Amino acid sequence: MKKIGIVGATGYTGVELLRILATHPDIEITYVTSRSNVGMRVDDMFPNLRGFIDLEFSDPDTDALAKCDLVFFATPNGVAMQHVPALLKAGTKVIDLAADFRIKDVELWSEWYNMKHACPDLLAEAVYGLPELNRSAIKSANLVANPGCYPTSVILGLLPLVKSSTIDLKNIIADTKSGVSGAGKGANVATLFSEMGESFKAYNVAGHRHQPEIAQTLSVLADTHVDLTFVPHLLPIIRGIHATLYAKPIQNAKPVKNAKQTEKQDWQALFEETYKDEPFVDVLPAGSHPETRSVKSSNMCRIAIHEVSQNSQLVILSVIDNLVKGAAGQAVQNMNLMLHLEETTALNQPALLP
Amino acid sequence: MKKIGIVGATGYTGVELLRILATHPDIEITYVTSRSNVGMRVDDMFPNLRGFIDLEFSDPDTDALAKCDLVFFATPNGVAMQHVPALLKAGTKVIDLAADFRIKDVELWSEWYNMKHACPDLLAEAVYGLPELNRSAIKSANLVANPGCYPTSVILGLLPLVKSSTIDLKNIIADTKSGVSGAGKGANVATLFSEMGESFKAYNVAGHRHQPEIAQTLSVLADTHVDLTFVPHLLPIIRGIHATLYAKPIQNAKPVKNAKQTEKQDWQALFEETYKDEPFVDVLPAGSHPETRSVKSSNMCRIAIHEVSQNSQLVILSVIDNLVKGAAGQAVQNMNLMLHLEETTALNQPALLP
Amino acid sequence: MKKIGIVGATGYTGVELLRILATHPDIEITYVTSRSNVGMRVDDMFPNLRGFIDLEFSDPDTDALAKCDLVFFATPNGVAMQHVPALLKAGTKVIDLAADFRIKDVELWSEWYNMKHACPDLLAEAVYGLPELNRSAIKSANLVANPGCYPTSVILGLLPLVKSSTIDLKNIIADTKSGVSGAGKGANVATLFSEMGESFKAYNVAGHRHQPEIAQTLSVLADTHVDLTFVPHLLPIIRGIHATLYAKPIQNAKPVKNAKQTEKQDWQALFEETYKDEPFVDVLPAGSHPETRSVKSSNMCRIAIHEVSQNSQLVILSVIDNLVKGAAGQAVQNMNLMLHLEETTALNQPALLP
Amino acid sequence: MKKIGIVGATGYTGVELLRILATHPDIEITYVTSRSNVGMRVDDMFPNLRGFIDLEFSDPDTDALAKCDLVFFATPNGVAMQHVPALLKAGTKVIDLAADFRIKDVELWSEWYNMKHACPDLLAEAVYGLPELNRSAIKSANLVANPGCYPTSVILGLLPLVKSSTIDLKNIIADTKSGVSGAGKGANVATLFSEMGESFKAYNVAGHRHQPEIAQTLSVLADTHVDLTFVPHLLPIIRGIHATLYAKPIQNAKPVKNAKQTEKQDWQALFEETYKDEPFVDVLPAGSHPETRSVKSSNMCRIAIHEVSQNSQLVILSVIDNLVKGAAGQAVQNMNLMLHLEETTALNQPALLP
C-alpha cells in the first residue's frame, strides 16, 4: 500500500481526490492538510465521505508529508513550489494540481501568475501530466504538473489535428464553457448561486491564464509557434467543460487518414486512430454532439469532429468533467502511472447520468 | 457469475441499474429489453455506458428472461405482473421496481393504480424490499417489491419512532420534496426544463399513491392502523429526495433510550442504536441538516433528528438519492441479498459532492 | 414628485427596489447610498438599470437623506436604528426592510439579533408593514417595519384561519422553502452556486429569527399566545418562497363560511371572502397547487387551501417572490400607502413565466 | 384602442406576448386562439395572467381574426401562411413570429422547412422585422416576419462590422448558446428537466435553420454573399441567448471610426455610433462581458466588442432574452411601429436581476 498525502484538501479538487481515492485498493491516504481546519474531521466538512475517510485535517508539515510516497497539492497557485524541493529531496513524488509547474518559461509564468517562482530550476524537470501526450515521461517523473481543466479539453480536441499538421495553426479558436466549480470554493460574490444561476457570460476575453498553457503545449506538438484565440465562459452547472473548437484544414494537404481511399481527409478516422488505445478518450460516432453530463463524475473525455461548410471549417466538440479529467481524476491517472499501478484503477466507472 | 436481465431499461431507473451493475464483479447482464428500441445499442441511448455495456435492446421475451437468475422490472406499473408468474415458475427470481407488488390489499391497490391485478395470489408471497425492515425475508424471497422512493425516505425516518411506540400515530406529517427524475423520462410538458426550472410547487395534496404504501408499512410495524398526512413537492434538481417529518412524542412515555439516565427520551441515541449495523443508513450527529447532495449517486440514506419547542415536536430530516436508495441502488441491495452475495457489493461508493 | 432615498442599495433587496421604482411615475430617486462604493455609478454595478437610473452611490449622510420625503433602509440588521431617530425628527418617513423594528418586545429582539437596540422607544410607534393586516395604520405611519419574507408568506396563509378562530393554535406547522437570494449577496461559501445547486436542505431547525416575528403577529391577531413549528429550507432557485402550512381545524367549531348551508366549514369561501378586496393576494381555485414561478417578479401572493384526510388536516400552500412581496415590492406598496399614492402603482405587472 | 388577436397563444412565445401586452395602454387583446384548448380560460393555463387577461381560448377563425387591427401568429412553422392572404385582404396587419416569411428564396425555404410554401407571392412583400435594420419599411408594412431568436442576437452583433465593410466576410463564426425555452413547450424527452439540467451540449452542428436566415440578412447588408459558420448550443437556463461572434478585421482597411485620430480602427466608437439612437441596443463600455441575466424579461440587446491578439481577432458578445427581443418583445416593437404607436410602449422596463 502506497502512502498518499493531500495538501489543501478542503477545496473542490481536494474533496474530489478524496472521493476517487477512497476506493482505490492500492493506496492509503495517510495525511490530509488544511491550515485553517486543523483538528477537524474530514468527513465533518464533507459528509459524503462519512464511512470512507477516517482522518482529521493536519497542518501542512513537510516532515510528515515526506513520509508519503506521493503528495498531491490541491492548493492555490504558489503554494506547491514552496514545498516541492524538500519533498523531492526526501524522495517523495509530487503532483501539483495548481499551475506552479505548468509553464516552462518562467518569465511568462510570472507575468500571468503575478509572482516570482520559488524554484525555477525545477520547471525543466516537471512533466506536464497529460498521459495522452507524455505517458512514458510521467511514468518516470518525480514531479508532475497536472494540466488545467480548459487545457485538457482543448488539447485533447486539437491533438490529432496539430500532430498530423492538417490545420492552419494561425487560425484556431477555442470557445470554451465551464461549470462553476472550476472557479473554486472561495467565498466570492461573483460565484454565488444568485449570481450564476439562470445566466451565462463570457469572461477574461482579453486574456486567460490557460491560453499560454495551451499555446505552449500545442507549440511543442507542432514544433512551431501556435497561437489561438481562447474565450472562456461560465455555465450555470456545477461540473463540466465543453470546448467548441474551430480550425481550418490546410488546403491541398495530403490526407493522413482516408478510409475510403479518396483524396478527402477522413477526420473521423484520424481521431479514432489517434485515440484507439486511450482508456480515457472516447471518439464518438460521426455526427455526434457530446453532452457534458455524459462524463459527469468520470475521467472520460468525449470528442466529436464535424466538418461543415464544404470543407472550409472543422468544428470539434470536446467534453470533460472539470473536476475529474480536468483535475482530480487526471491526477489519479498520473499517480497510477508514477507509482506503476494499473493506469485505470479507481477511475473505471460509468458517468452519472442523469 | 449470475445472469441478470433488465426489462424496460430505457428510463432513469433502468440506466441507473445499468450504471451500478456495470462494475458489479459477481453478475453479468445478459438481457436488456425495450419494446420500442429493439436492435439499438444500449450505449447509443446512454453514452455514459460506452465501454461498459456491450448489448442491444431486445424484445421482452419470457423464455429469454427465464434463462436469467434474476430479472429486474424497471417498467411502468402493471407490466411486471404480466410476466412474473411465468418467471417464478421457471425458477427466475424477480425484483419489481414499480408498484405491482407493494400493496398487500388488492382492492386498495386497484383503487390507487386504476387497474385489475393480474396475479393477486402472488401479493402475499412478495416481500417488501426494504432491507432495514425485511432483510431475512428478502434473502429467501423469489419476488421482491422494491419500495417507492418517497416511502423509502419516509419509512426510514420514522421507523425508530414507530417501532419504539414513542410517537402519536395519529399525528404524523410527511412534507416531502423530490427531484424531477422521480417523474420519469416520459415526454411530458409538466416536467420540461422550462416548466420545472426556477420554480417549486406541491402536487397531489389530495392524495398520492405513496401514502397508502407508507401507511401500510408503518401499520405493520406498529401493529395498529397508522395514518399520516403526506404532501409531495417537486424540486428543481434532478436527483434527491428530502423528507421533513413531523411527529409528536407521546407524553409520559417511558424513555426507550436515555444515555444520560434521566427521564428524558434520548432521540439521537434511539436512532443511532436502531441503525448501528445498517450499511446504508447514516444517522448524522445531533443538530445536523442533511443535504440531498450528500447522498447523490450513493445508496445511503442520511437522517437527522431534532426536537424543537420544548419536547412538543420532533422534526426528522431524511435524504436519499431517489434513483439509488429510492430505486436502482436498493434494488441491487435486494439482488445481493436474494443471490446471497455481499450486501454492499457495487454500492459502496462515496456520494458525488459537489 | 416625492423624493426617495435608498440606504444600502447594493444588495438584492436594494437593486429590486431600484428596478421597481425606476418606472414609478410619482416619485424620484434622489439619493442612493453604499458606504463601500461611493462614486460608482449605480448602473455599473447593476447593468439591468442602464438607461433607468442615472445616479452614483453616495455615503449614507443623514442630512442628505433628510431631504427625502421617504427613505428605504435595505441594510443589514442594526443599521436603520442608527439613523431613524434623526430622520423622523426631520420629518422624513422611513421604511426599514431589515428587522430593527419588527419585534415589539425589545428583549426578545436582542436575544434573536444579538445586539442592543439603539432606539427601543420607537418600537411602539413602528407599524408592521403588512397592508393586509395594518393598511390604515400604515397610511398614517412615519416608520414602517417591512415584514420578513417568510413571515409574509406564512402570515397571509394563516390569517383567515387565525382571525376566524377555526384552527387549533397549538398545532401549527410551517414547512417553508426559500430561494437562495433570501440569503443575501454577501460573499459566503455556503451560498455559492456549487454548494446550493442540485441540492436541497433544511436549516436552522432549532430556531430561526422569523419564528418569533410570525408568532408575535399571529398572537396579536388571535389575541392569545400562538406558537408554531417553523422549519425553513433552501431551494436551488433564485427567487421564490413556498410555504406549506399545516393546521388542525377545531372540532365542532361553528362554520364561519359555508356556501352550501351545511354544517361543514367552507374553507375555500373563507379564504376568498377574507381576501376579496386585496390587490396582492390571490386565492386560487379549489384544488390548486401554486407554483413559485407564478409570482416571480410580481408582488402577488397566491394561496391554495386543501382539506385532507377527512377534515382532520388543513394544508395551505402560499407562494411569493421573496424579493418582491417578501421585500422590495411590499416596501413600495407600503410607500404608496404612506405617501397617499395609489397602492398598486409600479406593482401591477404580470409575473414572469416561464 | 387597437384590436389585437393572437393565434397559438399557448406556447412560450404566446404567453410572453400576453404578458407584455397585458399592460399596453393603447391596445386591447380581443381574440386569443388555441385549437386544442377552446373554451379554457387563458389564466387557467397561465396563472401569472390572473387579473390581467379575462379571455378564453377560441378556435382560430379567420373571420373573427379579420376584425382585429393586427394579428400575431405565435404558431409552429407553416401555420401563418395558411391564414395570411385572407387577413391581408381583409385589411388586418400580421406579424408572424414563426419562420414562414423570413426567407426570401422560396426554394431555400422549402429545403430547410420541409414543406411547400402556401403563398410564395407574399414573400417579397413581407418585411423582415428587425427595426434596427428596417424601421421605416416596418412602419408601412402589412406583413412582418419577426426574426428568429439567434438571428436577432447575431445580426445585431455583426451589423456595425458588415455595414462598415471592415471584416472578412468569409471568416465569420457565430458560437451561440440558447436557453431551453427556445425549444418551445412541446412534450419532448430531449428538453425534460432531467435531460437539460446540469448539462450542456452543441446541436445541429451540421446545419441549423437560422444559418440561412442570418446569411441572407448579412448578404443584403453587405451587398455580396456572406457565409458564416453557425454553431448553436443549449444552455441549462430558461431564458437568454449569448452569441459569441468571431470576425477578422480586413487588413489595411481605412478606419471608419477612430476617436483618437490614429490609423487604428476604433471598434468601440463604431458600435456606439451605429446604435446611438436605438432604444433597444445597448453597447456596453469597452472591456465588458454582458450576462444574459442583464436582459432577462427585457427587450434590450446588450453588446460588447473586444479586439484580442494584436488586432487579428474581433470577439463580439451579444445577449438577448430569446422570448423578448428574440421573439415577443421584438414583435410588440414591430406592432408599435406598424400601428404608429410610440415604439417603446410596454417594453420600457428594466431587466429582472437577479
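So that you can tell them apart, the chains are marked A, B, C and D in the order they are listed, and the count of residues begins at 1 in each.
The definition used in the following text is that a contact is a pair of C-beta atoms (placed from the backbone, for glycine too) under 8 Å apart; a residue touches a chain by one contact, two chains touch by 3 or more.
Fair warning: this is a prediction, and the values are worked out from it, not measured in the lab.
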Which one of the chains is farthest from subunit C, going by Cα centres? A
Applying the document's contact definition, name the chain pair with more C-beta pairs in contact, A-C or B-C. B-C
With centres defined as the mean C-alpha position, give me the subunit A-subunit B separation in Å. 37
If you average the Cα atoms of subunit A and of subunit C to get two centres, how far apart are those centres in Å? 46
Please compute the C-alpha centroid of subunit B, do the same for subunit C, then give the distance between them in whole Å. 39
What residues in subunit B touch two or more of the other chains? 12, 181, 194-195, 197-198, 236-239, 290-291, 293, 296, 354
Residue numbers of subunit C touching subunit B in their complex, please. 173, 175, 177, 194-195, 197-203, 205-207, 227, 229, 231, 233, 235-240, 242, 244, 246, 287, 289-293, 296, 306, 308-309, 313, 315, 317, 319, 354
Complex contacts: residues of subunit D adjacent to subunit B: 12, 179-181, 185-189, 191-198, 236-238
Counting only contacts in the complex, subunit B reaches subunit A at residues 12, 15, 18-19, 22-23, 46-52, 181, 197-198, 238-239, 282, 284, 290-291, 293-298, 302, 348-354
